[in-house]
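Both complexes below contain subunit A, partnered by subunit B and then by subunit C.
Up next, the complex of A and B:
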């Protein structure tokens, strides 16, 4: 197991390099840069050129990248081109918001999705068809649209939850939970319905296997068969899906954080991309990449926990 | 049958996870109704801003609303567009040339850093603004330099005669040049993001401020007019999504939602909100126009072609379809309320295809021509205006190649400045004649990238207006300058689009309409200050 962890972490190094190069190149290919953003629409070309020189944007791209990388490997993610603030502190101030959103979203979609999928698998007929229908609906509804509808109904009309904003957990645990409900609902809808469908299909397949029949013949109660044997065997594809949805939710924060005005990394990524703030964007990309690597590692470890055969291989 | 230990763990984990999930949802749902953190009656004024600012340093504070609470300016522009004393208590032009404005400063006033306001501090702050690259720097044209003429007296020198209105507008908080920063803040500009150093009713609370999320201000007990402090806290929250801003103000999370779309006005009013109309609409919506830039060669060099294009635009239909019922179609570059407004020009080019075709034929283009039009989405969301122009100009045989771009305003400015596009959709917001003639259309500026020489008649009228001895004479000359500008038709305006603001009704003193570029709740004039209804 330790070898697996070490191997995965070592593989993450070239992956981070490739991702950082790609994001650097792609961002620099987009029209515009930080100097133009800072000076706005009424700037003269001369003042833009002067500021570009001051910000180091006239250097060749590889040189700009090397400057960034040589600092990044020492843990210094540089300073924002547009605000002059340290990228590391900006990112660390916003990371908890995004993590809270994605982790709570993943937990909610996994727990509720597995519960719904289990009920659906065990009860044929209408319940199964309803869950199938909900799964299709969940996949087809854009999360930002769902967010707007939830805000209008549950925040503006019913005043149950705040329409926008984030409350820090240390400030008020109940406020924190309430501030997360609507964004998490918008973000987790796709994952929840997808996991429900996968759980249903997978559990139905497992429940039809011979060893389940043997357990029934042995007199084991049905609830115990489902919980201890059926779900555990059905969990492997579900765990894969949970990992995929976690990464998807990380991407989804870009829109959801904007709609709910949450001070996370997703909204920072949008504003940095719009303003051509390469260094901040690079910092966010690196952090997102590290999170994805860690999540994939956790999934690999979960495989081993769920399936001893995988541990051996 | 015995249960293996790992199976027990599995069941326990599932149970714990399910219980945690249930607890979370219960906690959230049973938390009661949301608290209205932005309710003006709790002593907080919470503002939902349409965009974030790059910095809280006044040289880069854009929109200036972010700096309004902590920084007074030399001159205050009231919501009615008039000028009132602020850090300067009086002003006058020296001599008859209108190229030097002398300001007398308020005495016995101190910056947050404890330094007294005097001429030396004002000169240093304005010098810094003139030298520091930033989004507001071009607002300082045509200021040459600023000098101290006494301990509490400052002279602003201009490279050309300017009108009183323009000079005072330039020194108001709307522009940045007249926003004065204390010496310690100037010495360390980065500190201005964590410690404000101005003279204003409030000061920055760094502990409660998170860049990009919320900017918090608390009362400045050293401010010279304590009666102007109406709130115990001011928060400004960037909310770029217009729908989110509206939801936040409807649900009581904020008190004021900046710049709401015209299509949401009915919803806002039915939710009990008040709508304030900014008649001088700000960029990127205020004054949509098609700039006919390549006036040095080709068809656009001919004034008849430019006028033909203007006659071919069905402004009434386009204004309503693209900008909603609050927009006013106009063929004048200067909207109502701005200096130089000339009512006679608002329908100078009524929709007339026959006249347009006739002018094109007279100019030597009876069969039309092909025109490339750059249409950035930052000024024309979804390219709706661009598409309308394509169809309108096709009717007079001008084939438009529309080039769209999603770049930011700063990048778009450089793209048009490169002289690559003969015409482009632009929106700098409502602007007066003096700014248009002396700044926007000056050679090499973003509305004149081909550096075409200006018009002598227009120059003469603007100069005469600058030198006018009386306000009435100045107004007459400015109107004449507007008429000349509209006759030249260097750009084809489409409509005047107001900026709409939604506020909760538990705030008093919010004007129903205003003539400043940005709405300002913090005034040195006590009666103008916004305040809680029960405050």
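Up next, the complex of A and C:
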């Protein structure tokens, strides 16, 4: 198990390098450069050149990258081109919002999805079809549109939840929870229904296998067979899917945070893109990748825990 | 492929969604012809109207016609989605084919890149690309397509791997076709189904993402409509008019639902294409065969080895059927037999005779759709067929143990062997954890597993086949059952291991005084463990008696034919004998003798009516009109009883 963790962490290093190089090269391709963005369109060519030298933009690309990387490792992600704040501090101030969204979203979709999927796997007919229909809807309705509709119905019309904004957990736990309900619902709908469907298909398949028959022949109570043997085997593909949906939700924050005006990384990415703040964007991409790497590690651990074949080979 | 298309067309729901999808696409493409208004025609007097005859889906804040704007917006949104889907599919399918078919380094490199790709939050990277390429949306959509490639690679690679292992691909390779040609001409058509499913999925995701980006303002500049920008406009006027948001978001959802439906239908159609023939012929057979077979069964004598003392298990008039309740296809009809305590009995016959149905019925574990349609199964003077779920659970394992054909498949792959055994022990006793652990070690010792403590800690995939079957036997006897049912327990094993497992079964049967019902097609297997045997054919018993009587002086022509087919009784240099014809399928049984069609001794009267049992000596009985006559002329002899074990 330890070896799996170490191997995964070692694999993460090239992944992060590749992503950072890609985003670095990509941003250097941008028409107009950082100096022009900072100084605005009224700048003289001389002042632009001076700032370029100051920012190190006259150095070769690989040297610029090395400078950026050696700083990034220490947590210094550079300075925003538009607000001249440190990207690192902006990102870390906004990180908790995004993390709260995706973690609560992932947990909600995994727990509810598995529960729903299990019920529909064991009940023939109507329940299964209802879940099929819900899964189709969850997959089809754009998350930001769902968010807009939820805001209109549950916030504007019924006043059950705040329409927009974020309350810090340390300020008011209940306010925090209330401010998360709608955005999490919008974000997690796809994952929840997708996981429910996968759980159902997977559990059905497992319950038809020979070893389930053998357990029945042992005289094992059916409840125990489903919970201890069926679900545990069925969970193996589900765990992988949870990882996939986590990454999807992380991307989805870009839209959902904009709809609910939440001060997270997703909405920061949108505003940075609109203002051409490439340094901040780069920082966000790197932070997102680190999160994904860590979550994938957790998923791998869960996978190994569930599947002895993966753990022992 | 053609099967997939045909299957798709046969489904009304799929056909409707397909037509709907085509109509939406056509309407958007032909927007200038279909639209009722100019998309950007402002009319302040008609601001924010509800649907009407003039404006089918109402208007927006500037009085522009929503229906017309949706059509024009669809051209942009759908075109972008198409670009994304095309890029993803072309690159993804190619990479998936190469990765799955070539394997080795190609596979490793492609899968590494895929793993990296899967870890990238797509939308965030797309936003970076957007801020770099400013308004070049085509470039952005191509990048979006590339970012979605990993999903496609994975879902194409898996079926390619499966197809690669098939014989026709080997044949193509051996015949000297180039790898490229095999991939394109032979492998690609076989994975067309998963690729089509993936295409619908990718198109749906691409549409959602391009709409999402346009919603955020990354798209053609206003006033030109896209579905995303219309959702954005709709959300701004939500308080005064919800129609715009509903129409724009609803259209996106509708197109996605259609794509999803088509994808599901393709998947289902493929599943049916694989199994379709089987079910349709089965249905035909069922309708052709009148269900009167069970009605005219002959009276059967009670045939037991030991008449003294009560029987442990009695099957009385046992009939088993599969299918819809009330219209089952019978697989077993009017079976009558008994097993005494401690007696080892073999149940012999070709595949498809209903042997396994009998074994499963005794355990109350007939697969879905199967049920006991008549008669009773008495175990220790209780009717098993009337058991409640709770009684059944207490009876299984505790009264009857079961050993199946595939030892590995019978073990939960994610549970340690010892944990599984302990669970069985504790289900049927009130031993403590520690006591149960000792009992597990004791059980593993009983089945002669060396170093039982170490084996108990292993997972099933760490066991050999023979070891797994020993574990399965330990599990079956864990609760001390009075009857052990072993269904082809050695068929999946190596020849050398087979003999050991049979010896173990025999040893345990004698040591524990446990009755054994051994189901097998192999006389050598039965002869090693059982004293008595029953010959089954087409859901009916044809002959019963001592194994020695049966193999040395078989009375029924079917038993003789079975024995003659044994490799051990074949003459060197001659073709291995086989019984001509096939076992009639369930539900197509003839009246009278069911073996008559394949029997070399059959007479017209054999099929005239039900055949009754004919007694030979002792408990030896045969269901054949010519029993006496053939017994006299009997020349068949077999060495099996005397040479037992040596020819296994």
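Keep this in mind: the second predicted complex is superposed on the first by the 271 of 313 C-alpha atoms of A that agree within 3 Å, B and C clash if a C-alpha of one lies under 4 Å from a C-alpha of the other, contacts with A are read in each partner's own complex, and residues count from 1 in each chain.
We take it that a residue touches a chain if its C-beta (ideal position, glycine included) is under 8 Å from a C-beta of that chain, and two chains touch if they have at least 3 such contacts.
Model, not experiment: these values are computed from the prediction.
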*asked:* Let me test your reading of the model: by the given contact rule, A:108 touches which partner, first (subunit B), second (subunit C), both or neither?
replied: first
*Once the shared chain is lined up, is A:76 touching subunit B (first), subunit C (second), both, or neither of them?*
neither
*State whether A:227 touches subunit B only (first), subunit C only (second), both chains, or neither.*
first
*Which holds for A:175: it touches subunit B only (first), subunit C only (second), both, or neither?*
first
*Return first, second, both or neither, reflecting whether A:92 touches subunit B, subunit C, both chains, or no partner chain.*
neither
*Please work out whether A:164 is in contact with subunit B alone, subunit C alone, both, or neither, and reply first, second, both or neither.*
first
*Partner chain(s) touched by A:58 [first = subunit B, second = subunit C, both, neither]*: neither
*For subunit A, what residues appear in both contact lists, the one with subunit B and the one with subunit C?*
31, 148, 152, 156, 218-220, 232, 258-259, 274, 276
*Would you tell me which residues of subunit C are touching subunit A in their complex?*
115-116, 118-125, 127-132, 134, 204, 208, 211-212, 215-218, 231, 234-235, 238-239, 242, 245, 249, 252-254, 256-257, 260-261, 264, 363, 365, 367, 389, 392-398, 400-402, 404, 406, 409-415, 423-424, 427-428, 459, 461-462, 472, 475-476, 478-479
*In their complex, what parts of subunit B are in touch with subunit A?*
1, 3, 7, 10-11, 14, 17-18, 20-21, 24-25, 27-29, 31, 33-34, 37, 52, 54-55, 60, 62, 133-139, 190, 193, 210-214, 237-241, 243-244, 247-248, 250-253, 271, 283, 405, 407-415, 417-418, 428, 439, 444-446
*Contacting residues of subunit A [partner subunit C, same complex]*: 11, 14-15, 18-19, 23, 26-27, 29-31, 136-137, 139-145, 148-149, 152, 156, 209-211, 213-222, 229, 232-233, 236, 244, 247-248, 250-252, 254-255, 258-259, 266, 269-270, 272-274, 276, 278, 281-282, 284-285, 288-289, 292-293, 296, 306-309, 312
*Flag every residue of subunit A that touches subunit B in the complex, lowest number first.*
31-33, 35-45, 47-48, 50-51, 54, 82-85, 90, 93-94, 104, 107-108, 111-112, 115, 148, 151-152, 155-156, 159-166, 173-175, 177-178, 180-181, 218-220, 227-228, 231-232, 258-261, 263, 267-268, 271, 274-276
